[in-house]
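A, B, C and D are the chain letters, set down in written order, and residue numbers restart from 1 in every chain.
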């Protein structure tokens, strides 16, 4: 078939005749535009970042309400099952979905929101390396998340806990479809994360502005890079585990069925080889955010930048060797236990470096307690608590008393919420003016912070006591005689204070947006007098980001365009901010064009998943979407050749003017 | 922001309130944290193993506490000391630009490393110390099932269990017990906080755990690996008794079950063989030989052959225990005059009788009427005890029979 | 760091366009992405291979005619698999030839070698389907026991990778036939080639670990 | 009034509805036998089903019924669009562009679909008699032909300009055709070769694999080193090779596999598995 064409196989080198690359597909190419359509088809990293953020905040409420329901259930003891708010079945689904939602649909995507929005800005790029893949990641994540949550309506959510130990997750012990939703939903979300991780890693590695060497990258960029590398290596492992689980459940294999020769511990190993790096995947972006916020409001450079970078890398690296600390009680043998116990302890060292270096950054500074700074300090204080309780778990014998009690629940909420979520809130307040062009109200922000801090400690602090007093986790209720009543009530009250804290954030958005609409204030490109490149361009940034890609000579380039040192090493201003920032008015920059295909392709996957669960016809439909999406994608040039024939401005690009950063996601590869 | 407001309030008065409030809080904390009335607490070890753990964990808590105080006070100090004053002028009162201090950073890398190295040494010692089996340790098999525990004693070492009991593990005090923990369905975890840490019961594997109670008493436990709907209700007890009493208990258990005599008991016996014996064993009943359908396990089922737990507690000496159904309910009732000891004192059957205690008919009867209403179970999936739809006569006949099984 | 004060001027007009074309590593994004993706694939296959190694000696209830439990490793037809491994290896060679051809701008030979590569790939897949069918006929299905499940999963995942590779090869062919694959875009071919070689190498590992090591 | 295109679609729609009705009635459960139902009491129920689109009454196989009704509805709406916009009607086009003369609509070119369709029918019939696989293949072929033909017929009449018509057709069909062709192509080759390997002994299978591989290599090298070979020769050589592979495949499939030391356990599941793999 191949060789049957005119003049076959002549030896002389010849170019194939160039034909016009005409897009082939049912749809004509979408063109920018406004309204919802511009969001659905966008490939702009900023819009995608905003969508990630919005969806993550939505799921925060979902996961949060699930958490609150858990707390209501546990507020008081019960003596019989029918006194309860939720039956044991519902309760099990509740904490499973709570954890899955919070981890996979809140914290990870919120970090992805920041990474998407900020990486290109911080490294001086026009967009991420593969804008359409970026859109695909987002839609996959969204549809994966909706798919997971649709399980509530289709026979009940997954009920095995977020680590879904086998064989309790097998069909025999979990006959509803919940676990199928878990496996398939996480595979979809995992594909999304993997694509986005590759994309962002390449963006950082390849697309830095001239002069920005690795050791001149902002801390946030660094931590996101480490996170993406962790994801790239961790996700395939959980994918394997989930596939095996799916084969067990849907096709009758016995990978995790001990009575047929399967091994229940295999799942534990596979899950935690992923699961432990995952917790650093959650916290490292937050660390990155804090490393941006603290120097800005201390008006000092980050203390020991190289140490901060290398400790981040060390955390990521060591995170691979400690997974079995989740299995101290599972009978892996004293030698393994000892080895993993030591490995785990020593993670405290690089993490400690980070904490102490933040303190040293603040030391001697002129601290401004803006809301982002408060949240950042909150992270330093709260994460330390979680970290230290983590070290007490790493002492294996002690952990055999602590594991699967509320002491652990206390630990991980301190690191997940006190570390991850606090850091992300710092980021929300910090970059809000950059993204939306107005600041969130400081007054509401401070209320937000303090109520949240108090609520947080009241909720999760008592859990340490409860755990040491012997309260197990994942129990739908407890009886009167155990003496858990008091602290559970405290924790429940705390959780509602915490919820009010979170609510204040949403109120703040509302209030501040309203105020901005009534009395618009121009915050300018650099409202905080900050340090990195994203503050050099207008707020909100123009679609093309930079008028001119800056050439970087310093870590904190933007700062050093504004400030220098005098002889005593004190800060002196050398240029006015207005003179340093860009206007954002350059026209005719060639940008990646929007596309329908990512959403079409992403839309197919959940249907394939439904198909596997319910009826293969759904899968046929899903596969058709995927194939159509992939094919249309491959046939559509990444740049719309028509785009610059539209009224673009004086500086219409020359035909060769495709920007390198968006060229050719090689058609057959994509 | 509220500096003005603060000043307007007399300082000493504020301090008094503060002191009062703090004092109250501390008191509250102490009472709310004490160990008494908390049978599951990890902070009150009652055996050598748990003491070893406590001896290791205690100092670690202290180290962690010291670091905690240092860091948090560091935060507070820095935050109050280096705040930007309102009088500071931007561009003039700016901080010195310190980029780092290599030596300092090395120091605070090394110090935690050294601390942890110290901890690591003791950790390793303890890990291996917890594995040391004593010569005279008594082996007991522990089998986790959805949602109760089975215990098997093999005294003559012939590989066949001599005693099969459930939910309440009776051990001689002062002697080490060498548990071999298995599971019959999903992963469970055996945990008696006062005696040792947890050990998972993983299907397909056997794990060992050593426990020893210094003093006679009842030590409560809880399954701690999530195992399905009734995970929270899957509790167990260890009853440590003096050696002599243990011997008596053993003889009683080895004895054949009490024969039914009265007509009610006999009727119950028949119903039992017809309805219950396909899952429950009372030693000596051979359902197959008697022609009853035996869809349940054979007397000594081949554990692990079938994932589904269609096994049920051995009831031969049911009334010698003091709780039933995963230690959720008392087997003996408080007759109202207050003499009957409460469960946690967990007396033997004889003591119960001498104290004038009667079987807890309320809970037992409703258990027979509708077990899943008392404890979440999934009998359709063959997990847990089904509602057998017994008539009231059948229930009372069964109770009559069951309550003689001492 | 006081010299930081000497800041460069903000606009570097002349070089801006060039700046947009270069990448920091000099490798194109696509190629780098493929490398990173392959790194991630290593862990995917790592997980599958570990699973197989864990389970390979665990016979389940499947018994042969003599009543002995069957393990998948007892059914291997090593000569045949060696041949199909060799076929897959050959395809790597033709892939290299294809890349060389398109770099030279020799489109006809490019198409020829791409088709040959795809043909080898399909031959390999046929071999795999043959092998699977043969095993099933011997009585060893996907769910017969854990060693067979692990085997089918591992080799099945690999087969799916090869199949995707073949589809990519045909897509290259289609592009080439439509004339939209000029030799300055030979990097696309190189990237597909990377994937193809990776899949080959993984097979070598699988072949050694699964078939050759007893 | 009705354009040619719309008539075509209305025809199809009516056919579809009728087929749906029949289908609904025939697949409904008839405990007393179909004839008795149709002549007896049940007739009302059975007829109301399809007439109310399943809202009341009985419909047999829901899925098939919906597919057919969906098909009919689609055709009807397509027909409606054609009427409404009077696409491709030369007169209306002329009217629209205010042309003086009505353009002569070109007769459409040769269409391969009738022939392929006939082939499909043949395969279907053979399959009916001989083997289930062939029957399904015939069905699939017929469905494909149907789709292609419909789109062809529609696009031929979409506008007055044949060039545009072709682009339209390609727009719609190529994204489906190319991937499908590739997948089917791979599937056919893989299946054929694996059937051949299965039919022979284990040693022969290895030998055949070697031979085929060597052949591919030799042919490729010959082509690469004798570039002036006539195109026709290459084309026919490839065609012959393809026919041989597929033919050998079908032949071996029909002649059955070599004997395996079969035992029965696991056989059933196993079959399904292999099918999955072959699809992937």
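Convention: a residue touches a chain if its C-beta (ideal position, glycine included) is under 8 Å from a C-beta of that chain, and two chains touch if they have at least 3 such contacts.
Note that this is a predicted model, so its numbers are computed, not measured.
The pair with more inter-chain C-beta contacts, choosing from A-D and A-B, is A-B.
Distance between chain B and chain C, defined via averaged C-alpha coordinates, is recorded as 51 Å.
With centres set at the average Cα position, the gap from chain A to chain D is 45 Å. Spacing of chain A relative to chain B, judged by their CA centroids, is 37 angstrom. Chain centres here are Cα averages; for chain C and chain D they lie 31 Å apart. Shared interface positions of chain B, defined as residues touching 2 or more other chains, are 97, 99. Within chain C, contacts with two or more other chains are made by residues 1, 61, 108-109, 112, 115, 142-143, 171.
With touch defined as above, residues shared between interfaces to two or more other chains in chain A number as follows: 1, 3, 5, 8-11, 251-252, 257, 262-263, 565, 569.
Screening every pair of chains for touch gives A-B, A-C, A-D, C-D.
Those residues of chain C that touch chain A in the complex are listed here as 1-2, 4-5, 7-8, 10-13, 15-17, 19-25, 27, 29-30, 32-34, 36-37, 39-41, 43-44, 46-48, 51, 54-55, 58-61, 104-109, 111-112, 114-115, 142-143, 145-147, 149-150, 153, 168, 171-173, 175-183, 185, 187-188, 191-192, 195. Across the complex, chain A meets chain B through its residues 80-82, 87-89, 92, 160-161, 165, 167-168, 170, 172-175, 257-259, 262-265, 298-301, 303-307, 329-331, 334, 337-338, 341-342, 345-346, 348-349, 352-353, 355-357, 359-360, 362-369, 377, 380-381, 384-385, 388-389, 391-392, 395-405, 446, 465, 468-478, 481-484, 486-487, 565, 568-573.
Of all residues in chain D, only 178-179, 182-183, 185-186, 189-194, 197-198, 202-203, 205-206, 209-210, 212-213, 216-217, 220, 223-224, 227, 257, 260-271, 273-274, 277-278, 280 touch chain C in the complex they form. Against chain A, the residues of chain D that register as touching in their complex are 63, 170-172, 174-176, 178-179, 223-224, 227-229, 231, 234-235, 238, 269, 273. On the chain A side of its complex with chain C, the touching residues are 1-3, 5, 8-11, 13-19, 21, 126, 129-130, 194, 198-199, 201-202, 205-210, 212, 232-237, 239-241, 243-244, 247, 251-255, 257, 260-263, 266, 270, 547-551, 553-554, 560-561, 563-565, 569, 574-575, 580, 582, 634, 657, 659-661, 664-669.
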